[in-house]
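You will see subunit A twice below: alongside subunit B first, and alongside subunit C after that.
Take a look at the complex of A and B:
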C-alpha cells in the first residue's frame, strides 16, 4: 500500500505542472490586463506607476519567460505575490484556506451523518412513503440554487428566529484564537478556550448545513441506489435464513458491500465543497478561499488564481487518494491487488 | 454555620490567612468598584458596547497610511491618521485645519506654507513633527502606489521653520488644498515606520518592507487606533487614549465586512449592526417604513455616463448624430431605476462640487430634436451601434445592466439600435482604458473633492475625452474652445471667475461632446436611529467615525 501511495503522490508532480500550464495559458489569454484591472483610472494614466506594477510582476517579459519564472519560484515554495492584494499568495492562502477547510469539513460530516441513514432506510423501504419523501427532498436538495437557499436560511433562522448568527466565523469583536491551524475550532481547543470553540461551532452551523444540502442530496441518492443493487443479492437472503436480524443484515452485510461507490461520491463531494463555496462564503461573510478566488479571477490576478487552482488540485488529489486508500481498508480484494 | 465557621472552613482548604484577608478586603471594596464601572459604562454611548458598522470588503488591501488608496480605506484613514488639512462635516468647499493649524498661499498660487499644530500627538504620546510629515509625503510619492500621482504637481516639500512646512508647486493646482484632504495623504510616525523597514528614499517602491507591519499596527494621530484587522472578516478600532483633540465618542468600533446588501439590511434590522454602508437602491427604499432605521444618502461623486468613440462607428463620426443619442434618452425615467441611489447631474462634475453645472441644467429628453438630429446627420432611419458595459458592475449601488438596458430601450424609440455587449468589469475596464470600445456605459469616481478630477478628464484630449473616446481639441472649433476654457480655469485662482469658466466648459461639453451624462450616484446608508442621533456624512470617507452623535 505504501508503494501505491508513493506512486500516486509522485503522479501529483506532472499533474500539477500540467495544471499550472493550463491555468497560466487560460488566465493570460483572457482579454484583461492585470494592471488595468487593479489600479484606479488616474493612476493608470501615469506611466511611472504602471511601470512599478509591470516590473514587480514581470509583465514586460514574454509569456514563456513569465511561466518559467513562476515554475522556478514555485519549486522554492514561492507562489508569487498577488497583484490585487500585493501580499504573497501563500500568506493569502494561509489566511483564507483554513476557513474553507473548516466549513467544508463540517459540511461533509453533516452530509454523511444525514445522508447515509436516509439512503439506507430509503432503499430498505423502497417504494414506500418514506422512500418517496427522501427522493423528493433529495431531489430538491440537489437542484436548489445554493445562494437562494442561503438567503432563505438566513432570513428564517437568523433574522426571524434568532437561532443562529448571521455572519462571520465568530461573534463581533471576539478575537480569533492564536493561529496554529487556522481552524478556529481546533485552535480554540489547543488554546483551551472552549467558549470560543462553542462560538465557532455556533457560527459554523448554518453555513455548513446550507453548504451540505447539495451533498446530502447526492450522497443519499447514491447510497440508496447502491443499497438497492445489493439488497437483492443472494448473500443477504442467506444471512437472513441463518437467523441474522434485519438491522444486522443491513449494517454488516448490505452497507459494507454497498459502501464503495458511496465513498467515491463522498470524496468528490468534499472536493466540490472545498472548491465551490463562493456563494455560501459571500452570503455568510465567510472569509474563505471561494471569495478570494472570485476576487482574484475578476481582477485577472493570475498569481492568486494559480495559487488557488493548485491548492484545489492538491486537495482533490489528496481526497481521491484517501478514497482509494479507504477502498483498500474496506475491501480485502482491492488491498490484495494493491499489494 | 457562623462566619467563624466559614472562615475556618476556607482556611482548612489551604487558603492562607493573608490571602483570605486580601480576598475579604477585595469583596468589601469590589461592589462599589463594580457599580462605578457600571456607571462609567452607562455614561458611554451604546452602554459601553462597540459601534458595529457593516460594509463591503471592496478592494481594501492594505492599511499602510502612505500606500492605501482604496475607497474602503478612506473611512479608516480618516479615523487612524491626521491629514494636513481636512473637511469638516459634509461641507465640501470649506477646508478645515487638521495637522496644519493655519496656512498661507502665495499670490501666484505656487507656494503653500503650513503652520503645524504643536498639540498633535501620535497614539504613543509622542509629538508629531514636521519631519514626520516630510517622511510621510516623500514615502507616499516614492512608494509609487496607486495614489502617488496626487502629488504630481509638487516641486518640493521642505521645512521652513521648526514647526512649519513649505510646499512649492511646479504649476498652479487650483484644487491642491482639496487634494490634501484625501485620507491617503496621512501623517504617520516616521520613527515607527523606519523601525519596521519603511523608507522614504527614492527606491522605496522596491526596498520598503513596512507594509505588512502597518497592516497590523497604526502609527497615526487620529482619534482611533487599530486593534486588529482580520482580512475578509472584520476590522476593530479602539479609542486613541492620547488623541490631541476631542476624544472619540465611542470606545470601540467593529467594522464587519459583509458583501451582500440583503445581509447588511438583516443585520441592521436585527440590531446586530448600527450602520449599514452599502444598501442597494431597492433595499434602501424598502427600509422607508422601518421605525428604528433612518436612511441617509451621500453623493458618491461618481456620475454615470454613456460615451462613444468619435471614430469607431461610421454613423458616429458625424457629430450631428450625437444629439440624437443625447436627446433620445429618458433621463427622468432613469430615476425609477436608481431610486435613492442616484440623482440628476448637470454634467460630468458632480453637482455637489464647487464649479459644477447645476443639476437642473443637465441633459433633457427631447425626442423631436433627437429625430431631427438623425436627419441632420444623414441617418433618418436610425443606425446600429455596439455598447459595452460591466455585467458584474454597478454605478456605486445601481446595477450597470439595468441602466444599459434602459438606455438601449430609450434609443430604440428613435431607431437607434444599441447592441449591448456585457463584459466582466475587469475586461470592460481593460478595453475602456485602451480606448477600444465603440461605446461604453461607465462612471467616473472621485479621487478628491475637486472639479479638476473630472472636467479635464472629459475635455477634448483628456484621459477620457481623448484616449477613451478619441475626442480631441483639433476635431472642431467647439472642442478647441472647451479645451482652452478648461486650461484657463486651471490657471484661474479667483473662485468666481474659475467657476464661470468651468460651468461654461461643461455646458459646451454637454452640447458638443460624445457623452450623455446619465445621473450622479449616491451611497445609501442605513442607520439605527434608536442608537445614533447624527453622523457627519462625507462623499470620500462615508462618515467621520469620530463625529457620530449617539442618542
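Take a look at the complex of A and C:
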C-alpha cells in the first residue's frame, strides 16, 4: 500500500505541471495586452509600475522563460494581485477557501447519505414504483439548473417560511471560533462551543442541500446501475441458499462488490460540487471561493479568476488521488497490480 | 464514463438509425415523449416571430411584472417585456450556442482523438497527456477562466465552453480508432496500398461516426445547462439580449414575481431532462447485458 501511495503521489507532479501549463496558456490567450488585463487601470498609466510588473512576470522573455517565471511565482504562493480587492489573490483565496471546503464537504456527506440507500433500494426493487420514483427524481436532479433551484429555495425557505437564516456562515452577532482549520463546525468543536457549531450547521443546511442536488442524482444513478450489475451474480444466490438473510446479503455481498464505480463517481461529483459552488455561493451569499470567482468574473478581475481556477483544479486532482487510494484500499487486486 | 463505454461497444451503420430509433421509442416510451418535447421547443423557438406578436427587446413600462395571463402566457418582466416571447427568442441564443459548443467540441475532440489513435506512439502520448490536463479542470471552471480572458459575449462563451468540452470526444474517438484499426477490413485496405491518411478518413472514421453522432446528440442537454450557467454568471450572452441563463439572472432580482426566472428555468429543465432521458434510453438499448436481463 505504501509503495502504491508513493507512486501515486509521484504521479501528482506531472498532473500539477499540466494544470499550470493550461492556466498559463489561458493567461496568455487574453486578446488585449496581458498587462492591461492584470493590473489596475490607474497603475497601467504609470510606466514604472508597468515595467516592474513586466519584470516580475518576465513578460519580455520568450514564452518558456515566462512559464518558468510564472511557475516560480506560483510556488512562492504569489498568484498576482486582485484588481478588485487590491489584495494578493493568495491571501483572498486563503480567506475564502475554508468556507467552500466546508460547504462542499457537507454537501458530499448529504449526497452519500441520501444516494447510497436510494440507489441500493431502487436496484433491489427494480421496475417497481419506488424504482420509478427514484429514477424520475434523479433524472430531474441531474438536469436541474441549480442556480434557479437556489433562488427558489431562498425565496421559499428564507423570505416566506423564515425557516433558514440569511446570508453568511454564522448569525451576524456571532464571532467566528478561533481559527484552526477555518471550518467553523470543526473549529467550534475544538473550542467546545456547541451553540456555535449548531449555528454553523444551521447556516450550512440549505446551501449544502441545494448544492448536493446534482451529486445526489449522479451518485444514486451510478449506485443503482452498479448494484444491478452485481445483483444478478451467482455468489448472491449462493449466499442466499446458505441461509444468509436478505439485508445481510444486500449489504455485505452486493454493496461491497458494487461500491467501486460509486467511489469513482464521488470523485467526479466533487468536481461538480466545486463548479456548482460558484452559483450556490453567489446566490446564498456564502463567503467562499465560488462567490469570489463570480465577483471576480463580473469585475473583469482576471488574476483572481485564474487563482480560483488553479485552486479548484488542484483540489479536484487531490480528491481524485484520494479516490484512487480508496480504490486500492478497498480492492486488493488493484493494489497487487500496481505494486 | 459508462456512456462512453457502452457507446464504444455499440457502433451501428447509419442506415439502420431510423429503424433503431423507432424500436427504441417502442421500448422506452420516455424517449418518444422526450423527442416530442424537443420537437415542440424547436418549433416554438424557430417560429418565435409567428407564435408571439411581441418584441423581445422593447420595454413596455405600463405592463411591468404582470402575472401570467391569456395575453402574456408567461407574464412580463421588470421592463414589461413579454416573458414567453423572450423565452422563445432566448432559446435561439441558448440552443444555437449549445449546438455550436457540441459541434466545435466534438469536431476538435474527434480530430485530436483520431490523430492520437492512428498516429505514431509518441504523438498519441503527447495528445492524450494534453487531454488529461484539460480533464483535470471541472468544465464550467475552465470555461469561466477562458471566458474571463476573452471577455463576455455569446461567441466568446461558446469558444470558452468548447475549449473545455473536447477531451471526452478525444478519448472516445481514440478508443474507437484503436479498436477499428485492428479489424480485418482496415488491414485489407492497408494491403491494397491506400495512403494511411486515406484509411483514417475514408475507412475508419465513417465507422466511428455513428457512435460519435449519438454521443453528440445526447450531449446537447449538458451543453444547454452549462451555457445557461455561463450566461447566468454574466460570461455568456449579455442582457438585454434574451438568453435563458441571463434571463434567470435578471429574474433573480424579482423572485416574488416567480414567472420571470422560473419560465426560462423550466425551458432549460425540460430540454435537459428530455436529452438526458434519450441518453438513458440509448445507453440501455446499446448495453447488451442490460437488454438480455429484461
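The rule is short, and it goes like this: the second predicted complex is superposed on the first by the 283 of 339 C-alpha atoms of A that agree within 3 Å, B and C clash if a C-alpha of one lies under 4 Å from a C-alpha of the other, contacts with A are read in each partner's own complex, and residues count from 1 in each chain.
Following the convention adopted for this analysis, a residue touches a chain if its C-beta (ideal position, glycine included) is under 8 Å from a C-beta of that chain, and two chains touch if they have at least 3 such contacts.
Everything numeric in this text was worked out from a predicted model, so none of it was measured.
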Which of subunit B and subunit C A:283 touches, first, second, both or neither: both
First (subunit B), second (subunit C), both or neither touched by A:271: second
Which superposed partner A:26 touches (first subunit B, second subunit C, both, neither): second
Subunit B versus subunit C as contact partner of A:85, first or second or both or neither: first
Touching partner for A:175 - first (subunit B), second (subunit C), both, neither: first
First, second, both or neither for A:162, with subunit B first and subunit C second: first
Touching partner for A:313 - first (subunit B), second (subunit C), both, neither: second
Which of subunit B and subunit C A:199 touches, first, second, both or neither: neither
First, second, both or neither for A:300, with subunit B first and subunit C second: both
Doubly contacted residues of subunit A, that is, touched by subunit B and again by subunit C: 30-31, 37, 151, 154-155, 159, 282-283, 298, 300
Interfacial residue positions of subunit A with respect to subunit C in the complex: 14-15, 18-19, 21-23, 26-27, 29-31, 37, 139-140, 142-145, 147-148, 151-152, 154-155, 159, 222, 225, 228-229, 232, 261, 264-265, 268, 271-272, 274-275, 278-279, 282-283, 293-294, 296-298, 300, 302, 305-306, 308-309, 312-313, 316-317
Touching residues on subunit B, where the partner in the complex is subunit A: 50, 52, 54, 57, 59, 61-62, 69, 144-149, 152, 205, 211-212, 228, 230-234, 236, 252, 254, 256-260, 262-263, 266-267, 269-270, 272, 392, 424-427, 429-431, 433-434, 444-445, 447, 453, 457, 463, 467
Complex contact set, residues of subunit C against subunit A: 1-2, 129-130, 132-134, 136-142, 144-151, 221, 225, 228-229, 232-235, 245, 248-249, 251-252, 255-256, 258, 261-262, 265, 268-269, 272-273, 276-277, 280, 289-290, 293
Residue ranges of subunit A touching subunit B (in the complex, touch as defined): 30-33, 36-37, 39-46, 48-49, 52, 84-87, 95-96, 151, 154-155, 158-159, 162, 166-170, 172-173, 175-176, 282-283, 285, 287-288, 291-292, 298-300
